[in-house]
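Okay, so chain A shows up in both of these, paired with chain B first and chain C after.
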Partner chain A sequence: MPDVKLVNVSKRFGKIVAVDRVSLSVHDGEYLTLLGPSGCGKTTVLRIISGLTNPDEGEVYVGERLVNDVPVEERGIGFVFQLFAVFPHLTVWENVAFGPRVLGWSTERIEEECLRVLRMVRLENRIDAYPNELSFGELQKVGLARAIATGSKILLLDEPLGALDAKVRGELRLELRRLVKDLGLTAIHVTHDQEEAMVVSDRIAVMRKGRIVQVDTPPRLYSHPENVFLVNFIGEASFLEGTVKNAGKTALVVEIRDGSIIRVSGKSFRIGDRVVVALRPEYVKINAKGNVGLNRLHGRVERTKFVGWFTRVEVRLDNGDLIVVEEPMSNGHDFEVGEDLALTFRPRDALVFHYPEEGLQRALSLE
Partner chain B sequence: MMMSGFKASFRRTLVKRLKNSSIIVLPFFFLIALMPIIYMFSYVFFNFGEVYRWVFNDPISGDARWVFMQKSILLSFEVATLVTIVDIIIGLPMAWILSRYDFWGKKAVDTLVDLPLAVPTSALGFSVFLFWGSRGGLASLFGIETGLFSRGPMMIVLAHIAFTYPYVVRSLTAIIEEVNIGYEYAARTLGASSVTAVRTITLPLIKPGLITGAILAFTRSLGETGATILVCGIYETAPLVIVAWRQLLEIPPAAFLGMIVVAVAVFLLYVATYLAERWRFPLRKVWPKAERFLSGKKPRSVRDLLSTLIFFLLVLIPSAFTLVYMGTWWSGSPFTRSQEAGVVYQVFLAPDRKWLSLWMSILTSLEISTVVTCINLAFGIPMALLVVRGKSRRLRGFLEALLNIPIAIPSAALGFSAYLLWGAKGLGVLSPGFWLVVLVHTAATYPYMVKQVASVLEGLPPMYEEAARTLGAKPFSVFRMVTLPLIMPGILAGTILSFTRSLGETGATIVVMGTIRTVPVIVVNWVEAMALPAAAFASVVLIATSYVLMLLFRHLIDIVVTKPKF
Partner chain C sequence: MICRVVMPLPEVKLEDVMKKYGSIVALDGVNLHVADGEYFTIVGPTGAGKTTTLMVIAGLVKPDHGSVCIDGRVVNDVLPEERNVGFMFQSFDLFPHLSVWDNVTYGPFVRGWNPEVYGKSAREMLELVHLAGRFDAFPRELSGGMQQRIALVRALTSGARILLLDEPLGSLDAKIRVELRYELRSLVKDLRLTAIHVTHDMEEAMIVSDRIAILRKGRILQVGTPHEVYSNPTSLFVINFMGETNFLEGIVKNRGENWANIELRNGGNVRVTNGMMGVEKDVVLAIRSEDLFFNKRRVGETNSLSGYIEGSKFISGYIRYEVRLDNGEHIILRRLASRNDSFKVSDRVTVNFSPEKVLVYPCPEGGLERALSPD
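Showing the complex of A and B:
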């Protein structure tokens, strides 16, 4: 029953609260990613699960067992390190055989098991190589093979692809997921790369300032973020500040900064509430002039960037807010700086949030 | 215009000089360190008939000198081996505590470990003798009248442990701190208990530090004279025999013994280094249960307590015991109350005016050490550049190997060979006295300067100098404005080492000093004359001088390292 559960776990380093009352459960066989900006406490959470760091408060369960007082080496949890930590004085084979050997397995079993995992990561031809003869990608494969050779059913990965080239990273993350799924492991993967998290995980737990902000599947995290930080951190968005003028059951009328009115979908808001409306670039359309739409915003092109199959256009609205639009190449529109544009979007495509107490800038910041 | 033109041409010559520094530096090193040794070998070879008569076929004593020689060599190597082994056993846990734990008072312990380095060895040997061998020392706790040990091999080992311990601990802490602790974490996530992880992962990774520390301890113990002379009693190590025969002017057998000692030491150095690099820690076996037990809390606290106790008992208190002794004997004997046995009377009031000779010897010691350090600075920095940046890889390796020779061989042998070459028996250029002492001290301390500077230079990424070049700096400006400030910590460390080493050097000094006296020699003389309280005073003066200078240089390092100036 290799599921992992954290209950109200906290950890302080001096005055800094690295992990603040985190509760999380990871199901048997699940691939979960801890995603967050650097310094958010995600690595500390991982180290607490492994036993390398002891929490100040809270409980850690593996299966049904409380493991707070179980030392690292008796937890049987595989750990993959960002900088590999492949023992430099041992060969690939000796590295992979290290775990089975300290567990006191028989020689035959060690041989069999090590060869099996080395085949899995396709390093069976490099068993006599020393770490300084390997590429970074190969080193991390050794790290991975070593972690699973002991037969542990839980795999912790601390930015396992962080030190690799973009290309290798792309290949290895798919291999990683395939391996975890083939072996039926429970994996917890720490990263700050949201694209990596999206591709590799069953669920993502987003962390910020030592806390878990939201745990959800990648598509739901993108379409139903619970606060403005998440909208900005997962994907991209432009923000309009405003006040609710009229609130229906599912529809709102919001007055934005220069007094224009927009309509958006949203529940649980009341008249007079301060809100932030977030617009994803791909949902904002450029409206041919004169066409009357429901939500019309006026502005001038401030900057354009040709990205490839679309052009990224930054439009400064008449009220001073900035909206980013992604316009597909196929629409054949050439944008000039200073050009007048009208923008439109559908009410249900906008995401509406209460205006954060700490202010919008602070709520969005990665710190 | 004129001025800048002159400056430019001056710089150009300097650059050339620096580039061609090998023309000056290599002959210098050859002349001061290698040629005397070569000369000693050739002396034995060409005068073998005479050597043979002295050593193997003396009309009165027959081959007694040969037998004595063998005994002394054997004793030297036995002591050095035992000292090295004990050092590693007691030094490794201490190094571990200092580099891996954080505890209250860690900084203080860290400084105390270095203390024996600041104590010149003759002062230290005297202190160790007082602690273990006098009735005022440890024996007074047990009410024994004579002291716990008498002078001899046991006390030599105790004295050598006290001054070699810091070398082992320092080499080990340096590398333990450097080894990525992630490897240990990785081992533990794979199921290894902390003892297993350390034994199979960390220990092999710190092997280079272990080798460096062991070689340092071994060679220091092998060549030491100042402390040994005071604690050896009727036993004599090989360097002491060289010193004694030189004083009796029995030159041929001294040269023969010097040759053997040098040959064996150099041979051992290279063979030991070669073998140690190829030796792998046996990793095959694991004992999960036993090592899991040892990883527990209790065995660990026992280990920590024991290594701290041993450090205090074997190293720290014996090194600093002179202070206690001087305090109790300050105004008179604590036993008879006789004032004439006190420090004050012996040093300041007695008719032989010991304070005057002490004062003269302090001046002499400081003069010698200053001149030696200046020479080392002038010739050591270009040599370091050559060792690290030299064009051919072979030359670099060769130079490094040569630089180890003066470190590996006993300084008494080095001093004796210089006496042979430059003195009346050889070229007849320098007779024993101030300049010959300077020459010998330079030969013995030069490698330390070069190694300190070279190690910093090696760790210096080329990007800073490259950046300076791309910004338009000429090679010499790069050296002056970028390289020199960046290697300043190494230069200062080398200065400390060469100064304190020269200040404390005893064996080589006695061999070539002629009529001048340095402080360590004064200490030895007074102990031999049984003026122990006076010797204690001279020791404390020597320690204080050495310590104040060390603090001063450390302070300088702090200033330079935190605020680089251009």
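Showing the complex of A and C:
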């Protein structure tokens, strides 16, 4: 059963269309992320769900109920801008009891509910501590406990980990998902960070220019992006432009810029179609020995960068295209700028798209 | 005889720099030597003293003790504007009444340079940061991320030979941040500038830098090239700060000249070939999540520990597995996602790793948690 449902929701600010006919179903207990570049409308969607912003068109449902005209505080939704924005001068208990007090609950009900919530996040032994005495993990729990203390089962999170160090953020996002799942909440999380989205989500809705372009699980989104924008936005990719020379049921022969031929897997293409072939850096192998696939491209190392567990090698192909390869460190070879090498990849590891009408550059643009 | 003018080297040197704010020690004896043309990064957690270090170099904060040298001369008493450094701080202040174009060409304009030359490079840089189309916009019309990119271009075109960059990519969208770090390094190198860059992001540091200094609690723990720091982290803090690492506590059981056997506290044996220590010494073993491998069948070989998969998570092309070992330890293993990966949650697995990949540290006195904590 969907817990939150948007049907054809639009919102304009003056001439700017911030949200453009968005439809979305978030299931009970699901962790869904709205992911997109700055200005794509993701925060506006979140505000529309919360009731802080009214849509110009479309319907918003929470559970079975149409809530377009229901005020913020009656939607049963916890809204978190930043998980760590707790009141520094209040104890854990006072922070969590803040919302219920504002709602004018009886002392007994506040006691009961706050204790219940604090037990759920396992902070019942820290109720008298002040925020500056807590670890990041504990602060995150206070932020969550506070958001759900008034009985919300739906949690809206707007860049909740934005203000943190990379290292801490990496640890807390795993913990955040675990907590949301343990507490049985439905979460809708907004971020611009692909890795964060992949770690926390059951499904990701990618937004661009006010519209949802794909909703899928993290692995599906990575392996089956529906257009070139997505392949570039979710992970990294290099692009080869070409024309279909031969098309079988699932196999294509593509001629790229200098007349070289590559073989890729792809359906619903016809001879003569202009295509873009996208290669993920981890699927391209350098100087692989033996029969490692039908595709072999020659080029020269243009730039290399040691990044720890892999080396990133940028290779300028003979036809002028640039291919990025991630070579695992355990392979032990140091690449020199200017070195000649051969790149190989398997047909099924390439992603093929129709050449975008607006041109490749515009199709990839993050603006 | 021709008298050659020796140009001063744009290098930066800090010697034993101390700075206190009240009772808080922000910098506790910092020594640094950044060479001409070097891309140098200071990385560390919040509150480590990174920004204070930059402010001391810029002349915006006076050290309590120690000396700051730029181009071979002590500049402790030299005003910020006379130090010939360009900086970009987190509160990047663009000139609000000037357009994007006037902002990024302000430095060379004031210096009276040839507009044809600086105009061309400014245009190229605006293209690189995806803002060429907004050259006539005013700062207030741009988002925070766009303003940051403009501030970065302005710092690069300012004409200063030494650049101080405080989280220059901090408020950008993740995708643009990842893309720009490669470009930022290339620009600094092409322009032959010396850069000192501050970040809390180790991956960013690895990508942009010639050398990295890891700062913690006002002290530099280690300085080295990305390769040196990665292959030989000198402390538990540094290896943990670099990425997801597994720590196993144990005791040295027996050893030869270049090997030792470690008995794990929770059971199991590990052979190591690094960081030799005496028999009966308490040690902590550190193994990176990417240096562990799965094996479904073979058990009983050197450095194989068995357990079951407790969780898995797909993250941009790789899979992060959580494994519960039979000895109770919790291990993180990361591998490239291949399309026929057959490892599932609750599968029994054997985790293998090679002895050379195990880093050995003496057991820290205050305990492991304290050794890894940022403060």
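Operating definition for what follows: the second predicted complex is superposed on the first by the 313 of 367 C-alpha atoms of A that agree within 3 Å, B and C clash if a C-alpha of one lies under 4 Å from a C-alpha of the other, contacts with A are read in each partner's own complex, and residues count from 1 in each chain.
Here is the rule we go by: contacts are C-beta pairs under 8 Å (C-beta built on N, C-alpha and C of every residue); 3 or more make two chains touch, one makes a residue touch a chain.
Quick caveat, the model's predicted, so the values are computed rather than measured.
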Which superposed partner A:31 touches (first chain B, second chain C, both, neither): neither
Chain touching more of chain A, residue-wise (chain B, chain C): C
Contacts of A:345 with chain B and chain C, given as first, second, both or neither: neither
First, second, both or neither for A:81, with chain B first and chain C second: first
Partner chain in contact with A:335 - chain B first, chain C second, else both or neither: neither
Touching partner for A:239 - first (chain B), second (chain C), both, neither: neither
Complex contacts: residues of chain B adjacent to chain A: 180, 182-183, 185-194, 196-197, 200-201, 204-205, 283, 286, 288
Partner chain B, residues of chain A touching it in the complex: 50, 52, 71-74, 76-79, 81, 83, 85-90, 94, 98-99, 101-104, 143, 146-147, 150, 156
Chain A to chain C touching residues, read off their complex: 37-39, 165-168, 170, 174, 192-196, 198-199, 218-219, 222-223, 233-236, 280-282, 303, 305-309, 312, 328, 348-349, 365-367
Touching residues on chain C, where the partner in the complex is chain A: 45-46, 130, 143, 145, 173-176, 178, 182, 186, 200-204, 206-207, 226-227, 230, 241-244, 288, 290, 313-318, 334, 336-337, 339, 374
